Amino acid sequence: MKKIKEVFKFKPNKKEEILEEESLEEILAKMSEKKRKGKVLSLEMISKIDKREARRRKIDNAIRLTIATVVAAMFAFLFLMPIVLTITNSFMGSAEIASNYGTVFATNANGGKVYISEKVNLKFIPDIVSFSQYSTVLFKSPQYLLKFWNSVVLVGPIVLFQLIVATLASYGFARYTGKIRAIIFFAYVILMLMPYQVTLVPNYLVVDYLNNFFKIKDTYWAIWLPGIFSPFAVYLLTKFMKRIPQSMIEAAQIDGAGEWQIYRKICMPLCKGAICSAAILVFIDYWNMVEQPLILLADAEKHPLSVFLSKINSGEVGLAFAVATIYMVPPLLVFLYGEEYLVDGITYQGGVKG
Amino acid sequence: MKINKKWFAGGLALLLALGLTACSNAKQDDGDGKNGGAAVDELAPEFTYVAKYATIPQDFETNNLTFGGKVAYSVHYSGYDYFDYYAEGDEDSAEEPMTFSPSRNFLKYQLNGGNIEGGEVFASIPNGVDVNSACADDAGNLYYVGAIRPETPGEDATDADWERYYNDADQKTEYHLIKLDAQGNQVYDLDFTEMTRTLDYFYVSRMAVDAQGRVYLASSDSKVLLFGADGYYAGIAETDQQSWISNMGTAKDGKVYASYTRYDANSSSMVLAEIDFDGKKLGKTYQNFPNAYGNASMVKGLEQDILISDDSALYEYSLEKEETTKVLTWLDCDIDGNAVNNIVTADGKYYVLLRDWNMDATEFAELEKMKTEDVVKREKIVVGTIYQDSSLSEEIIKFNKSNEQYRITLKTYLDENNWTETSYQDAITALTNDILAGTGPDILELSTLDIDNLASKGVLDDLSPYLEKSSKLNKSDFHDSVLKAGTKNGKLVSLSAGFSLSTIVGKTSVVGSKQGWTVADLIKLQKAYPNSELLEYETKEGILQAILMLNKTHFLDTANHTCNFDNQEFKDLLAFANIFPKEYDYDAPRRLTPYLLKDNSLLLATIYLSDFDSVQGELAYFDGEPYTMVGYPTYDGGNGCVLNLRDQYGINAKSQHKEAAWAFLEEMISRDPMESKYSYYGFSSIKKYYEAQKKDALEVQYVYDENGEVLKDENGEPVIEQRYGGYTMMGDDGEEWSYEYKPITKADVDLVDQLLAGATPIDYNVNQELNQIIMEEAGSYFDGSKSLDEVVSVIQNRVNLYMKENQ
Amino acid sequence: MNTKLKLTKAKEANPKEPVKKIKPKRNTKRFLLLKLKSGLFIAPSFLGVMVFFLIPFCVIIYYSMVDNPISKVYVGLANFKSVASNEAFLTAVKNTALFSVISVPLAMVLSLILAMVLDLKIPFKSQFRTFFLSPMMVPVASIVLIWQVLFHNNGAVNDVIMKFGAERIDWMKSDYSIIVIVVLFLWKNLGYNMILFMAALSSIPRDVLEVARLESANALQTFFYVKIRYLSSTILFVTIMSLISSFKIFREIYLLTTDYPYPTLYMLQHYMNNKFKKLDYQALSAGAIMMSLVMVMIIGLLFIVEERFGKDVEG
């Protein structure tokens, strides 16, 4: 009894008299007393009350549902607005864009910001629908598509290999826990939280030093390697792997499976959801990276699209929206495809059953 | 959503496919025609090219020089010619009759074992014919375009006659295409003057011959005139978009190709096109051709189809692969890319003809391919700069040629081919990273860097010990102001070879006679003349910038790491700047500056002095009235003159080759500016050269007559030779103002000395953020959307933060 | 009694023993072998983290103890002293802390509430889910553009305010600037957090909820005593993710305000970024180390809380 009370410490409903600090036993005893004393509602009345309650509950539910839907819709609108804006603006001609947003992107001679003196408004619907932005980006100036390809080439291997390395590592963390490992894991979390200014120059120095052996400076390896070994996915996946019941592992061991087989045949399939969700998060993170390529890749031609989008200058405002739209497509597809995994991956349900 | 999943998977695949195809297209169609993939690993090339200079005949003519196979032809002018009409001081000419009897010949040279020999007359050119351009083919046939101009007016010609002559010259010139065979006999002479009349104007920019003997003339920027093998006019081929043809030549396959720039919405690329003779148009196009402007026409390559050069490197281009390979960098061969006049391939080797027009020097070199390990190793020093600097390259070449021990290489951090608005910041970050990692350059060009910061971090070495030990330079050789500008915290960290001065000038009757004034004085002046323009092209921001020029640190309290903008002085300054218009209307009719100054419609002028000769030119607008150099206004006094160092060099404290670095710096800075190829050097930082510049400017040359006596004008005054002519300006309202240069006077020279003595060096890169903050916030005040107090308090807050951070 | 039965059922469905980490009861040889083998699994990641994260961190410690990155003269703890007493640094710390303290709990609470609201059977649930995730996809530049246009002195929000007759506020340059950033942060992160919570909520075992309802607990009580236990792990996760995001938001702030913003927007990372630009690497490193110490404490605390609080509900 006491244990239950500890776990579910609640006080009884106001409909009945509030009894303070009585044990459940006493409450139950009192109820049975009341029954005996006849001060409890008769069955008929109970059913009537129940029916009324049921109706009320139904209406309540309906109202709640509508409110909830409206709230959801409001938030959905707020969240979507910038995306919709980007997409619709990508169909504007460049003259229109310059007249609308030109001043926002301008920089003065010193490189500082120019004060925006006219009122700038967000335009949702273009006056003239024009495909000029897209035709420029897709056909005439292939450098943007090249940058898009750079982004893909940069992010793809990172996602793939970070997950491979991370699943291995999280399996290792989950299988055996000792003091040292706990400390290492803690260190992983701390390192994961470091902002880039802190790690970037040391990274640069390390890459520079390694360049004496491996020639990685100014190549994609300078970005791949730190990305592949980032502790982020390890953190995500370890939590998950720890939930795999001991029983399954022991059963496999009895069947004579070695560690590697347990890893491959049991843990990996079970964690599929978590792996997918980790993949999505890592993808989003690195798809948007800006500072690392800036510092570690000297050659501007190798920069990914995210770098370009972070430094739109007044000459390119016309294109920016179309480029941004194209830029958003892979994350969108990744999301849509893996959305269920994203959600499932973090919950308890992700296939641990059976 | 299950149905959609397949669609999305499909969409993803489609997108990637799009990306893939775009990528493969992009790899071929490189945005700016940037030279793709160098085949040679630039870090450790296996082969390098070394220039082996050959002998050339003593009077080697380079006029219209063209190579064909192993012979070369050029045009030689002899005899007294109307070009030489004005030669003076030439004793011989006094006896020769002044007649127009030039004789022109083609000379023939042979390329023999790497040297040029010969120089015998190959064929004569008929009288009156100017060789417009010439081209030879592999068989030794020579084709040239001769222009016959109408006769120039004679001695009794009036100005009107000359005017008529100039107007008619284009219309009345005859053009002939002439072919001579390898023995010098004329094969045909085609008069194609009629065809030129159809063009807006005609001149030949490039000339080429294909394997069939058909001639191509690139003219009027975008058109190519085609001529058949038997000497007939065949038609015109034109580029699309009327793009200017930057280069044209014959490739290995004997066909003629032309390169031009194609402009797209937001970018441009260099395109190479085959010229389709029969179709009279430009045919197949090829991508990734280098941006090679320059004197040298493209020729057939050794390994690939086309050999082409620009001022930094020599490239070969493959038509099949549409790829450019860099053969060598001119700087690495100690060759100035700007001097390349012809590139030649013969006997499986590369040859280059260099022509230095300023020094009138010609050189011919074979580029010998050697294994890098065989080349004599010299200690390598790196000079790091942000921007490209051609005079620095020139110095490097000079040094590398003469010095056996050290070799200088240049690293430019800013890629001017791929310039974006943040390129400058990125270049600085890259340089900073290199310095941090210990791989920074040995010599740094500091004029665009924050020298204060670098000096305080100990990045720069103290140059005083080097000066003490040096035999060429001494601290006392330099002007004090220059030394002061390069000294930070007591250490001399940078040296500069030249400088310029800038200051503000006003009429003495308006601004008084004292040099240097305060901001309060400036405000008073404006109030006294409310309807006049204070400074040329004044705007709110411009005036604010001008006043802040020398006063950036006035509002800062570096001792307490805080700032004082929240006071009446600064508010007055902003309010004052607000009086002026927001933007300057450049389209509005404006009277000429001298007239504006005369009647006080314009009160002040900014002048920039970079050498003695230009001093009076800058002050000419005052038209003789007395003027005072009041300078930029200050709060604390001073003569208000700004000292701009042309470039500043320092040595990296962590460099491993400090002695070598100093050797180069010493030589570069101690070079006499009079010997320099490039005319703009500024005033010399070194006192003795400065005095020499002074003397040269003060020297007066007289005009002599035929008997060797000084010519005198009507008043009996000696006629002074004009170093520069004069100029006339036409105003918008039809007003005219003309000026003729007079020699500089002692007073002018003294003025410069005076200014220099009190000049304040300005470091534009220190506290740049301050400027940004002030300008950004002031904008909202100038706009009227915020009140003065609000803006000032914001500025105070932000700059305070800046000061605190940089304690 | 009936109640008793149901209670026991709940008890069964909710065994108190958590899934314990492996403590092999076999002999030590097996134990060691397991240790070794699982260690091998960790090896590649560990190696990489060492080289690319740990060593750089040690480099930072080194830099924090020298006077400047070029001359490398050892000065011990002097940098820490000077940085800790630097007013700009303190401003940055204050602002960053304020921002995190406001936004992380706000994000968490708001998203939890919204998740609960949306947990009901509203139509188009999965479409809504996609919409809520969308802010994560938008590139920085578009966001910055929109925020600038909205919150500029001449922007849309001021327009609306002025229509209501109030004075316009220069959002980015006044003490209200933190609001702009908090709104930006919430916009970016609410969606994802919401979805996580929605999923977590839907995974709470039904029977426990049943029991609670039968025990006549009202919604509030159900929440606080039942749901939180199950959500605790998610809450910790969301908190850490939000914390990470609150640092990442620097990129947007930087693009909105450049190097030296109005003091209320001056974050720790502004300080670090500026020091980086000026080659003041020692100050940057000292600041970073102090920041990591603080984070170690916070994260450590969160870990302990999660261990204790959520221990009983791991299922």
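To keep things simple, chains are lettered A, B and C as they appear, and every chain counts its residues starting from 1.
Just so it is clear, a residue touches a chain if its C-beta (ideal position, glycine included) is under 8 Å from a C-beta of that chain, and two chains touch if they have at least 3 such contacts.
If you're wondering where the values come from, they're calculated on a predicted model, not measured in any experiment.
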item: Distance-to-centre winner among chains (Cα means, whole assembly as reference); value: B
item: Interface with the most contact pairs, given as the two chains involved; value: A-C
item: CA centroid of subunit B to CA centroid of subunit C, Å; value: 54
item: Where subunit A and subunit B are represented by their mean Cα positions, the distance between them in whole Å; value: 53
item: Centre-of-Cα separation between subunit C and subunit A, whole angstrom; value: 12
item: Residues of subunit C touching at least two other chains; value: 126, 153-154, 258, 281
item: Sequence positions of subunit B contacting 2 or more other chains; value: 1, 429, 436, 769, 772-773, 777, 780, 785
item: Residues of subunit A touching at least two other chains; value: 112-113, 117, 201, 205, 311, 336, 339
item: Of all residues in subunit B, those that touch subunit C in their complex; value: 1, 429, 432, 435-436, 450, 453-454, 457-459, 561, 653-654, 769, 772-773, 777, 780, 785-786, 790, 794, 797-802, 804-807
item: Contact footprint of subunit A on subunit B as seen in their complex; value: 1, 4-5, 8-9, 11-12, 15-16, 18-20, 22-23, 25-27, 29, 31, 34, 264-267, 415, 418, 420-426, 429-430, 433, 436-437, 439, 768-769, 771-773, 775-777, 779-780, 782-783, 785
item: Subunit A partner contacts - residues on subunit C that touch it in the complex; value: 1, 3, 7, 11, 14, 16, 19-22, 34-35, 37-49, 51-57, 59-60, 114, 117-118, 120-123, 126, 128-143, 145-146, 148-150, 152-156, 159, 187, 190-191, 195-196, 198-200, 202-203, 211-212, 215-218, 221, 225-226, 233-234, 237, 240, 243-244, 247-248, 250-251, 255, 258, 268-269, 272-273, 276, 281, 284-285, 288, 291-292, 295-296, 299-300, 303, 312, 314-315
item: Residues of subunit C that touch subunit B when the two form their complex; value: 68-71, 82, 86-89, 91, 126, 153-154, 170, 173, 258-263, 266, 271, 274-275, 277-279, 281
item: Touching residues (chain side subunit A, partner subunit B) in the complex; value: 107-108, 110-115, 117, 132, 136, 138, 140-143, 145-146, 148-149, 152, 201, 204-205, 208, 294-295, 298, 300-301, 311, 313, 315-316, 318-319, 329-330, 333-334, 336-337, 339-340
